[in-house]
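These notes concern the structure reproduced below.
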Amino acid sequence: MALFPKRYHPPGTPPGTLRSHADVVPATVEITLVDYSSAGLSVTRNADVPACKASIKQDSITWVQVQGRPTAELMHTLGDAFDLHPLALEDVLNAGQRPKLEPYDGQLFLVMHLPGFEDGRITLHQISVFMLRNYLVTFCPCPRDPFASIVKRLEAAGTRVRQQGIDYLLYSIIDLVIDQSFPVLEHFGVQIETIEEAIVAGPDRDVLDHVHQVKRNMILLRRSLWPQREVVSQLLRDVDGWISEPTLIYLRDCYDHTVQIMDLVESYRDMSASLLDIYMSSASMRLNDVMRVLTVIATIFIPLTFITGIYGMNFGDNAASPWAMPELHWYYGYPMVWLLFIGVVAGMLYWFRRKRWI
Amino acid sequence: MALFPKRYHPPGTPPGTLRSHADVVPATVEITLVDYSSAGLSVTRNADVPACKASIKQDSITWVQVQGRPTAELMHTLGDAFDLHPLALEDVLNAGQRPKLEPYDGQLFLVMHLPGFEDGRITLHQISVFMLRNYLVTFCPCPRDPFASIVKRLEAAGTRVRQQGIDYLLYSIIDLVIDQSFPVLEHFGVQIETIEEAIVAGPDRDVLDHVHQVKRNMILLRRSLWPQREVVSQLLRDVDGWISEPTLIYLRDCYDHTVQIMDLVESYRDMSASLLDIYMSSASMRLNDVMRVLTVIATIFIPLTFITGIYGMNFGDNAASPWAMPELHWYYGYPMVWLLFIGVVAGMLYWFRRKRWI
Amino acid sequence: MALFPKRYHPPGTPPGTLRSHADVVPATVEITLVDYSSAGLSVTRNADVPACKASIKQDSITWVQVQGRPTAELMHTLGDAFDLHPLALEDVLNAGQRPKLEPYDGQLFLVMHLPGFEDGRITLHQISVFMLRNYLVTFCPCPRDPFASIVKRLEAAGTRVRQQGIDYLLYSIIDLVIDQSFPVLEHFGVQIETIEEAIVAGPDRDVLDHVHQVKRNMILLRRSLWPQREVVSQLLRDVDGWISEPTLIYLRDCYDHTVQIMDLVESYRDMSASLLDIYMSSASMRLNDVMRVLTVIATIFIPLTFITGIYGMNFGDNAASPWAMPELHWYYGYPMVWLLFIGVVAGMLYWFRRKRWI
Amino acid sequence: MALFPKRYHPPGTPPGTLRSHADVVPATVEITLVDYSSAGLSVTRNADVPACKASIKQDSITWVQVQGRPTAELMHTLGDAFDLHPLALEDVLNAGQRPKLEPYDGQLFLVMHLPGFEDGRITLHQISVFMLRNYLVTFCPCPRDPFASIVKRLEAAGTRVRQQGIDYLLYSIIDLVIDQSFPVLEHFGVQIETIEEAIVAGPDRDVLDHVHQVKRNMILLRRSLWPQREVVSQLLRDVDGWISEPTLIYLRDCYDHTVQIMDLVESYRDMSASLLDIYMSSASMRLNDVMRVLTVIATIFIPLTFITGIYGMNFGDNAASPWAMPELHWYYGYPMVWLLFIGVVAGMLYWFRRKRWI
Amino acid sequence: MALFPKRYHPPGTPPGTLRSHADVVPATVEITLVDYSSAGLSVTRNADVPACKASIKQDSITWVQVQGRPTAELMHTLGDAFDLHPLALEDVLNAGQRPKLEPYDGQLFLVMHLPGFEDGRITLHQISVFMLRNYLVTFCPCPRDPFASIVKRLEAAGTRVRQQGIDYLLYSIIDLVIDQSFPVLEHFGVQIETIEEAIVAGPDRDVLDHVHQVKRNMILLRRSLWPQREVVSQLLRDVDGWISEPTLIYLRDCYDHTVQIMDLVESYRDMSASLLDIYMSSASMRLNDVMRVLTVIATIFIPLTFITGIYGMNFGDNAASPWAMPELHWYYGYPMVWLLFIGVVAGMLYWFRRKRWI
């Protein structure tokens, strides 16, 4: 997930301008045409635009899926064919919009974010949905088809999605996109628990990177998923005439999921902040232990070494002076030094224990 | 309490799908049928579904308690028998929902979290309650029967719960679930005070784990208990016709408890954050003390050892040079070195005291 | 102030149950009966319940003060005599409720917290007030009579509290309870300023405890005083018919005090958080200084000691080798070593100064 | 600015009690009487109360300025003369109220805080303003006259303040009080930038005190200026009939200033919190550097000194054993030790460089 | 960006006073007159005020651009010529206002902030816009013309900005100003990612400055861009009659951008706070590593050096005593000392490894 996800035209460009971004590869776009009524269903892979246009003129429900990143020219063609609002088309092209719901005249335009894993990394793809009276146009720059499970449900004649109207299809898409957050959040839940165990076991540098990764991802997921909740809430309240009463009950269930997702994201943020605190405390605790050992060992040996230094001095050679280290010549001189050593060590250990350093 | 508590079907599964989770053991489910009116009461343990169905057809108030984790098939049977909404059934099966109140057509569906202790750990069980006109169905995956005290009150003929309608029974269940937070919070209150005393006595590694445990539990309890407050508030305001006027007064008392519980959770969070700060300050203070002692001892002995090093050098053997450490041959050479030692130590101690390091 | 202040019956106990807590000593309860009108006043210490009951039947305003912690039996008797709501009686018995205003049918029930000092510690006592048409019942578990100043004002015939109705008496009690926060907050204001000075003077361990005490008390005071503000605000807005227009002006003044109290509590919390930051910075700064001195002294003496070590080696005895420390036998060998010492020290000092460590 | 700014009577004192505080010096109060209409203006310094009272009976606009801290007796006299509400008078006497607007019957009472510098310290003086139909009474305990610039504008006949009504005079006073925050905030802006530069240059103890001073002042200013914004907002919305339409436009401009002031205070708080973080990071970074140097120097010399210690041992004297340090008697023994020294140093330096410690 | 951006007149100055600030250079002001209708367009650089005044009397749409910082005299002239409100003129002169929308009688006054780069630093210029019925006056103190791209679009006859009314011109200006935030935020996004990589690679002092720069800029950008969002929102809701229905759709798109900008700013703030935490943890981790190495090396060599010190003492010379270090005279004395060395080192290494310090 990029920190700055938005693509934009240079400031001052007229609104609704469609201009391909440099990294668009036209060849990868694939249009799938799904046309169904309770009577029958047809799925056309690699459909062309005129076929789609013909399909929307019929009474059945038409779903045009555009997968991949279309060029500006293709967007123009699609916009003209399906009567899509230019400002919305610009938002499809300039991917990285925040999730939103725009009610234009005679059409609803939704932007949502589809979370997922690619090569072990979290990705967020912008799903754009246009809903008109009897057809739906979806844009998805994802490499894999995200809607396969819905098409499969459509293929079975008796399913609710096949029986109900276009608003239920819209709900199914939204539900799918939102529920994709659960595996992602489960993944992070497991990761946080792994980090917790690692911190208890003992801090190491990798833990720090992992905590940061979780925090970073939570910040970015929050930025993305918070407005998604708002989108569903708006659908529930503000778009008279688009969503039928029975579908509203399902959408409410969906809204409930967005609330739960936000709860999870927030508690993960709190948890990762807490983990960082614990990690830092834990690390400073260990440093403390290390320092204490150093202190004890060093402060025990420093005076001892000083004493050996004294008797290493060459004053003893001065035979003329009785002051010249007479200890060196005493019969029990050397054992007495050892007694001195032992006494110093014992005194120090007693003092350290009283100070509760060991 | 798990970080990611929710069970879910794979994204794209149709809403209302009932599918058993892998870890469900069907044998452990027990259905208790409680049927009462002001005239009489019958309690049937291990009741079967047809008996329950028969019971709800009568005028009396029927309470069907499902304890344990039912399979998808059992849920289907129960849903058909009692007319429960499929979306709600899915929420019962996929435990780990956030507390919520869903008014479906002709029925209220409540999810609540019952906190408790099991083997010294905090647990949160999802209590699901369906309320229809004259019967109540409750689901609880807990190992022990949480509602024993209510059944006992029902057994006494003159009690208010026996005299009043089904809404008072609902209130009694909610009240019980909410009040279970008090022993849990009292437990954490005691734990925080224990930690406070431990930090004053002196920081050790265990304190850190305990603080983290408190913080973690507060984050998770908050996520769970905050929406519970919302549930009671919704019951007070939004469900016309379900709750009678006299019961509302009791529910208001209940709401008051949820507010107090949130106050406690919030202040515990603040306290544990504060404790971590104090702990870290305290630990760094002790490190400080240790370092100061090391500095003082080391800086006192380092110059002394240097002096002994000087007079340990073998220049004194050079009898040919008057410059070759004549001190070694002075009559008072050795005592003078001791004077030097004492002078250096005294000077250092004076300097350290002036700097307020000792 | 306890972290978990609430007393509670075991979950599942029917609402309105009155059961004495184990630590209640019945002997300490004292009932004071104050009966007044603009015409006259009578104060009866150690009144009994029948006398009180007789008094409320008259036209005058009756104020029954129950001081100390009553038993469940006494609560029953009082509840029956004065027509008090059972849920409210339970809240009086289970002290530690959050401040609240409950309008029951024909009576107002208020819970407030009276802050104070006892043996140098902050205490919070729950003041419970029942207001009915012409009498007021107050419960206070405090050891000393908190309302002495109001009774004294009642004794003077011309005072406003004597002339006005029962709502003004209620206001006087609320005003007294709220204003008791000012001496407490002044005490903490002085304490924070003392801590500030102590931190500037130099950090020590006690400061840490004091900062923690302030933070802890602010967290607990906030939990207690915030809902108190809500109580006064509710009295101003929501209880039609209980408070007369002139008294509302005085209550508004009271509300103003609660707002100011919350402002003080919040700014004290911010201040104590800031003080902890400063304290930690300051302590780490001092550690820094100590470390720097250690570094400088140690790094100066370490090479010097190494040099003395070199010339303390016994290679010089090998008369057969010209390579065997010829310096030892040079005429100016020893002074040259001193020059080396001085050179090393000077070089180091120059280097340290350039690095701005000294 | 004091942490606990409020003066208060002992709890239980009847509301509206006027009692002088111990530190009030009556002699310092000065009353200025300003009386003007579009026709003429008279300014009387050291006016007495009867003169003021006579003035307010006329048609002209009268402004009575009370500068200094009046005694309770003077407050009584003024209250009677100008019909001021007793509760408001108490608030004037008990300075340290939070800014507020109280609409009493037939009068508006405003409390505002005038920030300023006195002897290089920030001060906050409580400005109290009573507005009645055709006169204004202001109280200011400041040592200097804050309203000189308004009186000067009044002296010029053609100015707007002279032409407009009493509401414009009130606006002029509010505008003056609010705009006094700008120099204060500019001062802190400069101070924060100075601190930023000081931290980049290198952390020292003074920086810490300055950051704390800024944080402290922002906490206290925020507590004071936040409600001031509310006062202006209330004036704009809630006081029908007091402020004329044209003056409202000017007040809106004023409100805009209060919003900008709060923005500045908030961003300064954020900045000073950020600075403290940076400062602490920076200090710990320097400690890091110091420690690294110590480590490098110490770990290089420790093994060298150990080697010199070996050859300082007196085993070489044991001529009877070939194991007794034969190196001492080798021809190239001493140079070989030097080679060993150089080898150890080179190896260590290589190792440290690989670890990127130097 | 300055911390205290506002210019202000001394408190007490009458509102609407126009006074040049000391640093204004009159020569640099340039007025551009753009006059257009769907029929034609004329652009006059360095226009004079009378020409502009003549232009606004016609039916066409007139746009007067004032670039540079005008003197008070010029502001007077312009105010008179175009009928601009004095309070608004003062806000233009006293640059550094927060973004706002002021609806004066017959005119809208907008303040916005144009972010940009100048010499590698972020700048924020105040754009002031007056909108009247058929003309627009814009003030911009920027060195370069920010509106060139709009004028270019006006030059093409068929563009929407040329065809639509003055409200669309206003929208185009607002859109341009808001979209200028995207390059600035993209720049910071890249910078944060660079910092992330630098921290992973290893902490150094520069990282700290960069993190602080990002935090600082986010605090200041937030202060500036948050009210800008409010301005667009007010335009959408509160200014009846000024903005036509079709333009509202475009403005809504614009509002969407302001929301996304705030999301980015907030997530960057969170990210930079998180980065600082990680940086500090990382730095303290490295210190930890360094300390551990020091401890290990020092604690290994300290006892060894003590042993060499023992055998460096001159007790061995006392031939008269058998207690006088007989080891010195043992046949295998020296090798035994080496065995002792090796034993001590091995024991220590074993102990350290068990403690997991190496």
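Read from first to last, the chains carry the letters A, B, C, D and E; within each, the first residue is number 1.
In this text, a contact is a pair of C-beta atoms (placed from the backbone, for glycine too) under 8 Å apart; a residue touches a chain by one contact, two chains touch by 3 or more.
Keep in mind that what you see is a predicted model, and the values were worked out from it rather than measured.
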Chain hops separating chain D from chain A, counting only touching neighbours: 2
Where chain B and chain C are represented by their mean Cα positions, the distance between them in whole Å: 25
Centre distance in Å when chain C and chain E are each reduced to the mean of their C-alpha atoms: 40
Chain B, residues touching no fewer than two other chains: 280, 284, 287, 291, 294, 298, 305, 309, 312-314, 325
Overall pattern in which the protein chains touch one another (line/ring/star/complete/other): ring
Chain ring listed from chain C, with chain D in second place: C, D, E, A, B
Contact set on chain A toward chain B in their complex: 148-150, 153, 159-161, 175-176, 179-180, 182-183, 185-186, 188-190, 192-193, 196, 200, 249-250, 252-253, 256, 259-260, 263-264, 266-268, 270-271, 274, 277-278, 280-282, 284-285, 287-288, 291-292, 294-295, 298-299, 302-303, 305-306, 309-310, 312-315, 317-318, 320-321, 323-325, 356-357
In the complex with chain D, residue positions of chain E that touch it: 2-4, 6, 8, 10-15, 87, 97-98, 100, 102, 104, 202-203, 205, 208-209, 211-212, 215-216, 219-220, 222-223, 227, 276, 279-280, 283-284, 286-287, 290-291, 293-294, 297-298, 301, 304-305, 308-309, 311-314, 316, 325, 328-335, 337
